[in-house]
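Got some structures for you, see below.
Both of the next two complexes hold chain A, though its partner changes from chain B to chain C.
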Partner chain A sequence: MSYFRITLMRSGIGLPKRTQGVLKALGLRHRMKTVFYPVTPEVAGQIMKVKELISVREVEKPLTKEELREERKPDPGYYIETAMPRRQA
Partner chain B sequence: MFGAFRPTNALSGGLLWKIPWRLSKFQKARQRKRLRAVDNVVAVVDRALAKQGITTKAVERWKEEMPIEQEMLPKDKYTIFDRKEKKYRKGIHKLPKWTRVSQRINPPGY
Partner chain C sequence: MFSRTIRKSILDTRIPTSALPPPFLLPNRARFFNTTAQHVEPPTDGFKASEVATPKSPAASSRPAATSSIPSPPPPPPTPASFSPSVKEQLPLLAAQPSHYISAHIHGRPYLVTQGDIIRLPFRMPGVVPGDILRLNRASSLGSRDYTLKGAPYLDERIFECRARVMGTEAEPMRIKEKKKQRNRRTKTVRSKHKFTILRISELKVNNLEDIEG
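On to the complex of A and B.
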């Protein structure tokens, strides 16, 4: 079972109501919002309606909200070589 | 010639819109990028459906009718047919919402 990973890249503001409705139906309320849907003809048709506004990838399984957040996190710039036990004073 | 009340185009003529009649090379580059982005979306959807052995009318029709970016003529990438224009062509940036709509084919012969 594979999924479409759909991200809204361009806003639907000022476009026809039909187009905005498709975005709403897909759950794409803001730019850079990412949603996952199984690969079906229905979803493919919806993607084709808004193909100018989105970027699509095919993925094996959907990510949770937390995993998506982890993806966006920048590199902290350091790493801990070995975890040491806390010294007792 | 100088001063606050100099006769500029905007002052003497009223409304003056300075929209260039053709695209700059950067606008054209971004236009090609957008065309390729749409091609990529269609290709990804088509590949995903083909893996499951399904086809969809919307995708099939697009593949049949629309040329991909590399197949398009520069004329069709950057200009659009208009019956009121001289030589029947105007810049694609005159099309409302032109960065967010697909406009790839024009009447044959024009």
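On to the complex of A and C.
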């Protein structure tokens, strides 16, 4: 089972109500919002209606909200090499 | 008052510095502008030094979730070090020069530092106490007077060793902001006083190619 990973790159402001309705139906309410849908003809048709606004990738598994957040997070860039003794709680 | 009289007496009589009173009587002037006294944090939650000292132990994987904000040592990169010929040729030249700078990234933000520098991070680093030594392992550039090695976007972390010591935390002066709505007499005051972690770059070293590959 594969999934579409759809990200809204450009906003739907100023477009016909029908186009904005497709974005709303896909759950794309803000720019850079990412949603996952299984690969079906229905979703493919919706994607075709708003193909100028989104970027689509096919992935194996949908990511959760937390995983998407982790993906955006930069690397901490440090770790504690030598720790001072801590007070034992 | 006492400090002023001392200073005046120094200016007037031009006594040599050896004739000054002992240091504990001198006014404490060696403090940064705009900062208050250092505030030493009590050590935080159940973070244990033994787990950090032995990252390879199997117990490290079953670490409690409370320490998730503290980055754990990453596993060594599986791929053997393979550098481009120009890097192989010029890295010894870079390492041979006396002093280096590094653009180390902490939480995605670059800090251009050299050995001995003191950084005031724009945030309080969770889970560290004064005296901890941090290993900085993300850098976008490393250079000396004549050479610069740039990463795309980051350098291989085996090329350099950069360590920073946690010096403590610093607090800004209390900020008070008045919030007032129009046509309403009510005034709300918002106080804020943030803490910032101080680091000192204690070591910056460029590794040899033989050590990296061997």
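Note that in this section the second predicted complex is superposed on the first by the 78 of 89 C-alpha atoms of A that agree within 3 Å, B and C clash if a C-alpha of one lies under 4 Å from a C-alpha of the other, contacts with A are read in each partner's own complex, and residues count from 1 in each chain.
Throughout what follows, contacts are C-beta pairs under 8 Å (C-beta built on N, C-alpha and C of every residue); 3 or more make two chains touch, one makes a residue touch a chain.
Just so we're clear, the structure is a prediction, and the values are computed from it rather than from any experiment.
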Chain B versus chain C as contact partner of A:Leu26, first or second or both or neither: neither
Partner chain in contact with A:Leu8 - chain B first, chain C second, else both or neither: neither
Chain C versus chain B, contacts on chain A by residue: B
Contacts of A:Ile80 with chain B and chain C, given as first, second, both or neither: second
Contact residues of chain A, present in both the chain B and the chain C interface: none
Chain A-touching residues of chain C, taken from the complex the two chains share: 42-49, 52-53, 70-74, 104-108, 127-138, 163-164
List of chain A residues in touch with chain B within their complex: 2, 4, 9-10, 14-15, 39-41, 44-45, 47-49, 51-58
Chain B to chain A touching residues, read off their complex: 34, 37-38, 40-42, 44-45, 47-49, 51-52, 54-59, 62, 97, 99-102
Contact footprint of chain C on chain A as seen in their complex: 74-87, 89
